[in-house]
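Note that the chains are named A, B, C, D and E in the order they appear, and that numbering of residues resets to 1 at the start of each chain.
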Amino acid sequence: MSKTIVSTAKKKQKANRAKKVGLPAGSLVYFGEKEKPLNIEVITYNESSCQFKKVFSAADALNTIGDGYITWLNVNGLNNIEEVKKLGAYTQLNNLLLEDVLDTEHRPKVEILDNHILVIIKMLYYGKDGQLLSEHLALLLGSNYLITFQESEGEDVFEPVRKRLQNTETSFRKRKTDYLLFGLLDAIVDNYFVILDKVTERIEVIEDEIIAHPKEDMISEIQFLKKTAIFLQKSIIPSREVVNKIEKSPHWLIEVDTKHYFRDLHDHTVQIVETLATYRDILWGLTDTYMGAMSNKMNNIMRLLTLISTIFIPLTFIVGVYGMNFKYMPELELWWAYPLVWGIMLGISVAMIFYFKQKKWF
Amino acid sequence: MSKTIVSTAKKKQKANRAKKVGLPAGSLVYFGEKEKPLNIEVITYNESSCQFKKVFSAADALNTIGDGYITWLNVNGLNNIEEVKKLGAYTQLNNLLLEDVLDTEHRPKVEILDNHILVIIKMLYYGKDGQLLSEHLALLLGSNYLITFQESEGEDVFEPVRKRLQNTETSFRKRKTDYLLFGLLDAIVDNYFVILDKVTERIEVIEDEIIAHPKEDMISEIQFLKKTAIFLQKSIIPSREVVNKIEKSPHWLIEVDTKHYFRDLHDHTVQIVETLATYRDILWGLTDTYMGAMSNKMNNIMRLLTLISTIFIPLTFIVGVYGMNFKYMPELELWWAYPLVWGIMLGISVAMIFYFKQKKWF
Amino acid sequence: MSKTIVSTAKKKQKANRAKKVGLPAGSLVYFGEKEKPLNIEVITYNESSCQFKKVFSAADALNTIGDGYITWLNVNGLNNIEEVKKLGAYTQLNNLLLEDVLDTEHRPKVEILDNHILVIIKMLYYGKDGQLLSEHLALLLGSNYLITFQESEGEDVFEPVRKRLQNTETSFRKRKTDYLLFGLLDAIVDNYFVILDKVTERIEVIEDEIIAHPKEDMISEIQFLKKTAIFLQKSIIPSREVVNKIEKSPHWLIEVDTKHYFRDLHDHTVQIVETLATYRDILWGLTDTYMGAMSNKMNNIMRLLTLISTIFIPLTFIVGVYGMNFKYMPELELWWAYPLVWGIMLGISVAMIFYFKQKKWF
Amino acid sequence: MSKTIVSTAKKKQKANRAKKVGLPAGSLVYFGEKEKPLNIEVITYNESSCQFKKVFSAADALNTIGDGYITWLNVNGLNNIEEVKKLGAYTQLNNLLLEDVLDTEHRPKVEILDNHILVIIKMLYYGKDGQLLSEHLALLLGSNYLITFQESEGEDVFEPVRKRLQNTETSFRKRKTDYLLFGLLDAIVDNYFVILDKVTERIEVIEDEIIAHPKEDMISEIQFLKKTAIFLQKSIIPSREVVNKIEKSPHWLIEVDTKHYFRDLHDHTVQIVETLATYRDILWGLTDTYMGAMSNKMNNIMRLLTLISTIFIPLTFIVGVYGMNFKYMPELELWWAYPLVWGIMLGISVAMIFYFKQKKWF
Amino acid sequence: MSKTIVSTAKKKQKANRAKKVGLPAGSLVYFGEKEKPLNIEVITYNESSCQFKKVFSAADALNTIGDGYITWLNVNGLNNIEEVKKLGAYTQLNNLLLEDVLDTEHRPKVEILDNHILVIIKMLYYGKDGQLLSEHLALLLGSNYLITFQESEGEDVFEPVRKRLQNTETSFRKRKTDYLLFGLLDAIVDNYFVILDKVTERIEVIEDEIIAHPKEDMISEIQFLKKTAIFLQKSIIPSREVVNKIEKSPHWLIEVDTKHYFRDLHDHTVQIVETLATYRDILWGLTDTYMGAMSNKMNNIMRLLTLISTIFIPLTFIVGVYGMNFKYMPELELWWAYPLVWGIMLGISVAMIFYFKQKKWF
């Protein structure tokens, strides 16, 4: 069973976090670990057209924003702080918030500003090599543009959104940026379901194996699942508040009609959180079951040892007696002594086996 | 002990859920697994008459709605999305909500709309083969009709309601659709009691067995009960809020008089939730008891091994001594040496048994 | 240790509950299991007089209600539904509530009605044969009468109230029905204390025994106490809300002065609930202590086995060596070989015992 | 390690509580167990003077109350109910509240009355013989007097208050009765800190011992600490609300200035409650550590048994082979057979030890 | 693995706390244990200049406060109570609050006064020798000065703040004292992250070791981590409320602009508290995994013992049989008996090994 490596990436980030201690608040430092260069995917669309291109500077990207259409700037690679700063300046984003955008360890939250809504959330997906990956994502919603800040180029969960944008029929093309925000969050939350399904399936597989063939290394598998569950809880649970706050806060950027969609999304996050909440009980119960199953397996072996020992130890004593070299052991001389001893030993064995059977020990 | 299979159906549904990722919100996809064709049971009744028939299209079904009587459309089979869409169009149901109706994994909820009340709930029952089945159910309450969406034709828990509708005397015939809604929810909640009773009974049976004759495979039985309890909690607990919200929200479709019935129903859901809450403690306690009982059983066996070993090992050593072939072993020559050795060995055995008895080890 | 049998009575009731599925809400069915006939104890009193009598029909009982005195109708035996219906009709009690009165599984609650207050509560007491019994009790408070519905004639906890009613001096005779309600609830709550005391005492007895002489069957005793604790929690905890609601709701039937008494009663229920809350921790801790004590006991035995085995196994090997029949074993010929072997064996034994002592294994 | 006996005193009190069942509410019965006679310590003081004396009746005590100075009546011994009644009559205390004063099992609470404040709290201290004692204490605050009801004469925690009253400099002499109330509660809460320190110390001592030299009887020590923790939680946690309510409720008896002191006291109770809350986790963790340590200790012993058994059992078999008396065993005749057998046995031993070392089993 | 010593310092402090019992509230006693002399670090700065100096009396320190610049008095060493009193007098600080400043065991809190804000918080850092140290810290914010009270001179976490104050560019120099307060709290909270990172790393190291090579002494390591987690929870969790209260309370000393910074800080404390909350589950899960891993290790050893015992015990019995000295044992005379016995013994061994393999016991 190949394990998805949750912890490796996190350790590095934490080490970096420690380095920041001592910098003034609002210092723009990128905490992530991926070191690919910045590139910005620009998608401009309105009801009649939709264009994709790639630019490599903030200035080029900001030039694409304009009236009459919606611009989605998908910024890949947060390590180029200068460029990110320029985007921040254009959107009049507070330095403290820009710091949060760059802090890949920041917990999910939503900031309702006068002309913007800033959403920070975790994007979870299974990477190419089957690893469970957590990527920090910031979404900045403006009146006619939406900027997403991803840790790096490469895998994300937005492919379905891109496909639908190319389709004239979809709501995306007819609606404002708030619906794009919903679409992206929806894609993220849908992926949470995918991950929960995989984790649940894995729990069920290991559960069946424990019942059928308990093995020693399953304890590390359970330990790994416990860690994954705690990791998912920490990453996902704050998302519920994020979505709820967007739904509940009145803001001119979010149309009443789109609220229904956020409400639906909120229902989904509630369902995810409830599923996560059951993991604790399931995995703790599984540990008990594992312990019980392993102990039963061991007991079976020990019972055999006991059976054989308790039968043969007395017999070995008896044959030892007649192996003694005393001069005066009258039994030794009798011709029927040897068969008698065999008879006695057989009798003892049969009596013991009978006793064990009656006690239901075997 | 034949186990009710909770998990099989769920796995399939989850696999389907994953397939939906990437579709726009409000895409109507049926997530269930049952593939029987759509058919709609139509029950029209008023105080004077009550008629049952079956139709096989949404149009036919909608034609039966009219003034002066109440129509209950019991839609079986959600996989025919086109037909469900037509029903949705008639009732002006939002696409997002129609999506919830079709999503068989959706958690129980109630939506209070202007002209409708939409209830989503889990119908739990024991199937023909003794399996515990969970079926997604949506109830859409209108002014003179009520539509129920079941995953498939076949078993449901509404048989008593159907019987009472045929009886002129019952309140159903004299009251509006809100009472029909209550009647159906009441049938569902009553069935929750049936299931809790069976689960409780099973817990008590296994508890008695653990105390009387602990066996190895009981750990998987407990594990199964734990899983069932978690499954029931997830399915049933949200129903309490559903019923509470119907009772508390003022709505023109729910008459004041019927509120009393919903209140009573709410009392029942509270009682169910409390019972469910005790399952955790009971089953965790049972695991401990099982562990203790199994360990006691093992200890009994080990004690016997210890008794026999500690008595015979020294004796075997003694007889070994006099089995040595040294030339100069003066004891061997004495005629009373052999009986003496027997005496000593007997003495040691008696002393040891006495010591064990005194220590209350046997 | 004779166990109080909590579960037997409950199983039957639950089976009955399942039978009701399919009946319309408000159907009057009696769920209890006791099958004695209805009889009504009538106690009429005012400041100057107090009379006790028994009647056997609702009509006779209702005739005793009148101005200028207070009537307490203590209805024994809920299985005569027709008679109970008549009482319900007189008091204009809703059918749904009457159903709650008859449902012996109903959780404790209070219903504040216009002219009545209906209290449903569990009466707990130790039966004649030492069983812990739970009896469903409904109290219906009217302006000049109070009706109590008990599952059956026979044991109840109201004997002290009856005695005090016969005494002219007591507050009962001078006050209204609200004080009688308080008096009856107070008697019930006082009995909760008696039960908690017995359970606590039993926990302490078993705790002392586990520390002093752990025995195998104590695990089933702990399991039984856990079940009792869960049973008590389920029966008693809702009573706190019941008493609190009576105290907090303004109602013309409850005089301001009597409110003080209900407040005092509320304090008592809070104390009971806190005590119940500690049971969980105590009993779980006790399970751990039991496990530890049993494992210590087993380890003591195993240590002895180890001591004897580790000492004698090498010695047995040595004597085995000189029991070999090789022709050329020069040691066998030496006269000092035999005593030397004894010396070596003694040396090994002493060294081992010394090693064990030093390691503090014995 | 001498154990502080928490439980003995409580058992008796509970037995007494049960006896009260059946008495009317407001019946004045003393529940405590100490049977010393009533005596009242009277302390009258104002800014210029302070006098201590002892009286033995309520009438004498009440005579000392007067204008221009403050009277602290410290009533020792609650079993003289008649005298306590007289004090109750003077202060116009409701019979129900007087009952609470006498009920030594009553949980801590505060009653804000028109002209009085009644505080019920637990006074915890270590008795002369090292026992942890819990004494029920009621404090009744009036305009120019404060009455404290202690279960018995003898040890209490008010010695520092008495000393400071004798000192003209202290705030006590300059302030009203509310400050005296604060001073007494402060002395009680300060003593809670002393007890928590001792318990914490004891936990740390046993923890160190478990790590260093796990012994069997430590499980009963942990069990005792768990019981103590539960006992402390039950006694102390309600005090937080008591102090908070005094601080928060506006009352003419409590001066604004003194509120600061109660707020400070509230901070202390919060800190105590937080410390108590950590005990559960600490002690549960300790149980696990104990189990692990004991099991490690046992495993060490078992490993030695295994080492010796697995080495010598095969060797004993080998020497047994050449102890057989078959006529045709050619090996027996060879002069190098005996040394060869020794060589083989040595080889097996070395190989096994090497194998164990490699597996890191020893 | 060198352990950070959390407990030693705490024990002493607690002992001291106990000594205070009996002193009047507001008695100024220093509870800490460090006994270095008082010295005050004075930092005065405005936009144009910044000066550091050391003074050794309160009077000298207070003289440095003046208009047109900000004074930060960093008081080291709380044991010189007279000097601390003078600072208290200057700032008109209530004696009760001054007592809290000196009480090094006081839980974190914030007091909003008319002209001051008093913050009490725990400063956590790793000392020179790798110990985790907790230092009580009080920060008193005035209009143009900020006084910090540290337990002792020496290590603190403010070095980065000092460095930035020397830099003309930083916000510190341009802003008021509220920003200095923020800067200091930010430094403390940033250090919490450092500590959490170290603890998390350590947990992950031990987790990996348990999975790979479980060893006995890891149980004490886990126990130590549990204790550390409880210690961190107690020290850190109240900080969240502290920061939240500063952010939420309107006060003329805190500018609106600075509130954003406190809000950001609050986000950080929430993240820290959430991480702390996961420790419990992680460490409890780790204990189970440790138990499972140790038990698996032991079972491996026991299985070998069982294998060898069950194979050789019957064989030893067989060779014992033919070591008997009966005169009439016909087998002994047959030339093929010896090889046959070897054959039988080989057959038994092979059959047993085959049986074990089939049962998957090895």
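Note that in this section a contact is a pair of C-beta atoms (placed from the backbone, for glycine too) under 8 Å apart; a residue touches a chain by one contact, two chains touch by 3 or more.
Computed from a predicted model, the values in this text were never measured in an experiment.
For the touching copies chain B and chain C, the fraction of interface residue numbers used by both falls below half; the interface is of the different-residue type. The distance from the centre of chain C to the centre of chain D, with each centre set as the mean of the Cα atoms, comes to 27 Å.
We define each chain's centre as the mean of its Cα atoms; on that basis chain C and chain E are separated by 43 Å. Annotation for chain E: residues touching 2 or more other chains are 291, 295, 300, 302, 305, 309, 313, 316, 320, 323-325, 329. A ring topology is adopted by the chain contact network, closed into one cycle in which each chain touches exactly two others. Residues 159-160, 163-164, 170-172, 182-183, 186-187, 190-191, 193-194, 197, 200-201, 204, 207, 211, 260-261, 264-265, 267, 270-271, 274-275, 278, 281-282, 285-286, 288-289, 291-293, 295-296, 299-300, 302-303, 305-306, 309-310, 313-314, 316-317, 320-321, 323-329, 359-361 of chain D are the ones touching chain E in the complex.
Put simply, chain D touches chain C in their complex at residues 7, 11, 14-15, 17-18, 20-26, 94, 96, 99-100, 105-107, 109, 213, 216, 219-220, 222-223, 226-227, 230, 233-234, 280, 283-284, 287, 290-291, 294-295, 298, 300-302, 304-305, 308-309, 312-313, 315-316, 319-320, 322-325, 329, 331-335, 337-338, 341.
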